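Okay, so chain A shows up in both of these, paired with chain B first and chain C after.
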Partner chain A sequence: MVTLTRAQMKRLTAVHGWSGTILGLLLYAVIVTGTVVVLGDEIGAWSAGGIRTDQPIVPGIDTRVRPIIEAAPAEHRTDITVFANARGELLVFPHADIQHPDSGEPEPYGTLFRLDPVTGGTLSRHEGFVFREPAWHEASALQDFLVDLHVQLHVPPPWGLILTGVLGLLMVAMGVTGLLMHRHLVRDLFVPVRPGRRLVSARDRHVLAGSWALLFAFVLGFTGAYFSFAGTVVFPLLTEVAFGGDEVAAAEALFEPPVVTDARPAPLAGLDRVVADAAARAGSPVDTLSIERYGRADARIRTFHRPPPDGMDFVRTVYDGVSGGFLELRPVIGNQPSGGALLMGLMWPLHTGSFAGAPSKSIWVGLGSMMAFVVVSGMRLWLRRRDAQPLWQGFGRAVTIVGYGLPVAMLTAAHACFLAGAVDADAFRWTPAGFAVGVIPGVLPGLLHRDEDGARRLYRGLLGAGVVLLPPCRMVTGGIGWGTALYDGQGTVLSIDLALLVLGAALIGWAMRPETMPRPRSVAAE
Partner chain B sequence: MMGLSVLGAVTVSAVALVRLARTNPKRRRILGLPQQATHHRPLAAVTMVCAPGLLLLGMEGGPAFTVWLSALTLLGWGVASLGR
Partner chain C sequence: MRRLMTTTHRRIAAAVNARPAAIRWILAGPGAITAALLFTTAMPLWFPAGAAGVNHIAYPLVLAPLAWAAAFIHACLVENLVRGLAFSALVHGVCGALIVIALSGSLRW
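And then the complex of A and B:
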């Protein structure tokens, strides 16, 4: 263990504490939203009214997709993407990359068909720059809102991504400085939190949680920073330096399978056989299918799969678009398996916990909660050392308001999403509006209640009531009932409803529990 | 199958974590418990914590190991925070 002088330790404490104080509330917001969006797919299926099928891209898809492609204008058949939304509906998108008038960048333009995965009937069709309109391709406004809140805090791109990237690096930096400051990390892993509300108790709480969370603070912080910076800094820089700014050349070199150009006309291979073979090779169903250079002899069909039971990385296959023959399993980047591709492939599963189904996702929710606890307990420890000064007392109140107010506002966003759906309003507009409205009940208890313990109890009661009311709100506004969910085998809907009821009851119980420990005065020696 | 082996490995490691916590001298001192007569030798318990994870890594691969490691992180925090 590194031995630091008293002066070095003082400087390190200042760096650790001040950076946490200045950016800690934003870091907390990113962590809390991230903890929720670990269950993003499940929240999507739950809030979108239940899924129709969890595997829409299966053999039999050919007769549904081919007529749409053949009827599409020739200029939109350059690329065809087939994927599913949170409701399990099939989305078929023949398109070409066209320069967007606002961004000046090439963006996918075409007609998006939304199909019923059971009957194959067309539910809707929209033409335009599809990915600029979430309502066209997303089924859950709530999932879309929560993911955006986590990824860029609703700050316009690229600044939101840069901000969350900096916060990811801050998480890593806090881990490093904390590790250096805590000289007996391993020896003190089991030192209990000393009882009471003394300064030393606050320190014990922070140090204990921080010590156990250290490894995953690095993992989650680094991978989060990677995702924020990859598109905003790393790839643009790489494109400029290595490819002279040519984005198409960079994408072809890094992500596209090599192909000998052959523009002769040729029919597309049968998709059913490709889908069946790809699922067997990957060990998991096809998640997304794309057809490149449709109608040409050099066409390629690519499939993307979630990690198989014995793997962590997504699986990507490439097939000949004319013969339907298997060509290769592709790494996430480059043309050959490499250490870089392996690391890059691990980034997503390690950040989201989406590699072993419900167990890994549940644990990642726990890890996220643990990180949030570390951040809040760190800020509380910093404040306890300064709680005699009015300015810091005000900041302490701000910590309480953000700590409880953010989840309150997220809850009102969820309620607004369901209520908007019930009256056929645009849920993609009303969900963020619900969050903005939720700032009022999120802030008021902290501002109006002079006693901080009382404010916290009020917040817990508010949160508990909001959480308990979510399942009935979902059902009353048109969501499927428990009987239907059971009959259709939609365990996600039932599981989330039950989890919310238990969580809400626990919060209400916590709010009603009387405070047993009096707040002591700070002791200088601690 | 993977679920059962991970559950088994986490259980064995958790038992060892509890043992490590209960025999930790500093923890006992803070909790006001009597110090144990024999000298604290945590090597066996540490081995018992780590061995199931290494076995999992060899037999079931990376996903099982990662689930075990992350579950142990949470359990360790829980044991250290709550248990006596």
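And then the complex of A and C:
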């Protein structure tokens, strides 16, 4: 490993400890929500309920989409986007980019049609700046809430993204300083944890978990900072020097397929053949379909696909909008494969662990949980060395409150989401409200219980009860039962329910387990 | 001339070494952020675009967090603060000059 001088080691220890102490609680929030959001799609499917199909964009959509496009006002036919929500409903959105009065920026405006994917019947239609109203185009308020909490901590854009980007950089710094501080990294991967609740035992646990999570912390922090800063800070700066500040021109040059303008009227190609061909070429079903310059001879049909079983990156295809002929497979950036496109394409699968389905997602959830433990155990280690001072004692209590209170509040948000759905209230409003209400049971045990061990046991009991009650709450409030889920092949619903029951039972068992070892005072020699 | 440079260098070194903690804070804090931003902003001006014509945008877009991490860790580890400050000033100066020239229209991709 890198050999550091005594002064360098002292500085790195100070950086590692103080940055973790000052921003550790926010970092913990981002890591915990991120660990849950790794399963965002699954949580969406589980909480939305009543999924009819998980692949609504298949051959046969032409007869459903075309009448909507032809009936739309001519000014809204500039672009048509066809996608699906977490319930598997088909969403058709003919629109044009119009300047929003609040932001002053061009935003998609049009009428969004929500269709039953089986019958094709219209379930709802809304006109406006659609992507400002999540209830119109999303089916799971819980997924929407958790993703937003992770991505920007519910701080208004762009400041929320910048805040989480700073936390991503902090994670990179923690990972690199942790790596440099390790004198024996390989040995630390297998360090035997000394039993008991002494300072050395806490340090052993932090070192053991931290050693395994080092690379993961670096990758997650790096990719997270990329997602936070790329659009908000770095891309605008790059377009200043490379495109004279014209972000629209930059986006067209980098992300749009080249087209020879031809405004002559021409009918749209059959969508069914395009969808079938695109799915065969990509190796995965069409996730989103967009039609550009509808009704013109230079129309293009683009499809977006999740990574195929043997790939890591999303697949993007382009078809001629009139003949329906295949034109190209596009990389994420540019018009042909490149090192930069490969690098950018890797960012999403590396951040979300979505590159190998359930196994890779499970590993990401496990390592994310380990990261959360590393952050909390690191803060506790820092505090154990200072626990004689009242200020640090108070901070130690704050660590316990946030450590347990955040998951408690997330659980109440989930319960609120289901209960709101049951009484036809706006779940997109009541889910964040449930989180706010959940702050009370999240904070009170830590404030009222004078004995910290007792507070932790109470928290574990609360969490266990909340987790165990989620599946019955989902079913009682209108969610599908296990029999229906099995019959419809919705394994996700059953898997998440069972996982929650096991997790909840484990938490309750942990809460009821008696303390076996007395807590010693820290010893200076340790 | 050489004597003047030596005297100036000694004065700067004395000023830096008189406040090592403050200088390191500046280098690792605002210094690392501005160095990373200037470095990535200037990258399209010298980094090869490649056959696809996008590498000079894609690489700085992705590498920006690593540029900050490199500047930050360097500021934390560098033993000779005068040398560290000089290196940071060089990055700021060269990248800043490239950006100013590009924005003035003399150098445009």
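Quick notes on this structure:
The rule is short, and it goes like this: the second predicted complex is superposed on the first by the 525 of 526 C-alpha atoms of A that agree within 3 Å, B and C clash if a C-alpha of one lies under 4 Å from a C-alpha of the other, contacts with A are read in each partner's own complex, and residues count from 1 in each chain.
One rule holds for everything that comes next: a contact is a pair of C-beta atoms (placed from the backbone, for glycine too) under 8 Å apart; a residue touches a chain by one contact, two chains touch by 3 or more.
All figures in this text were calculated on a predicted structure; none of them were measured in a lab.
Touch criterion not met for A:10: it reaches neither chain B nor chain C.
Using the contact criterion defined above for the overlaid structures, shared-chain residue A:359 touches chain B, although it does not reach chain C.
In the superposition on chain A, A:347 makes contact with chain C only, while chain B stays out of contact range. Considering which of chain B and chain C touches more of chain A, the answer is C.
In the superposed pair of complexes, A:513 makes contact with neither chain B nor chain C. Once chain A of one complex is fitted onto chain A of the other, the partner contacts of A:237 are limited to chain C, with no touch recorded for chain B.
Common to the chain B and chain C contact sets on chain A is no residue at all. Of all residues in chain C, only 24, 28, 37, 40-45, 50-62, 64-66, 68-69, 72-73, 76-77, 79, 99, 102-103, 108-109 touch chain A in the complex they form.
Taken together, the chain A residues at the contact with chain B in this complex read 187-194, 208-209, 212-213, 215-216, 307, 309-312, 350, 353, 355-356, 359-360, 363-364, 366-367, 370.
Those residues of chain A that touch chain C in the complex are listed here as 4-5, 7-8, 11-12, 15, 168-169, 172-173, 176-177, 180, 221-222, 225-226, 229-230, 233-235, 237-238, 240-244, 250, 254, 331, 333-341, 343-344, 347. Put simply, chain B touches chain A in their complex at residues 2-3, 6, 20-21, 24, 26-27, 30-31, 60-64, 66-67, 69-71, 73-74, 76-77, 79-81, 84.
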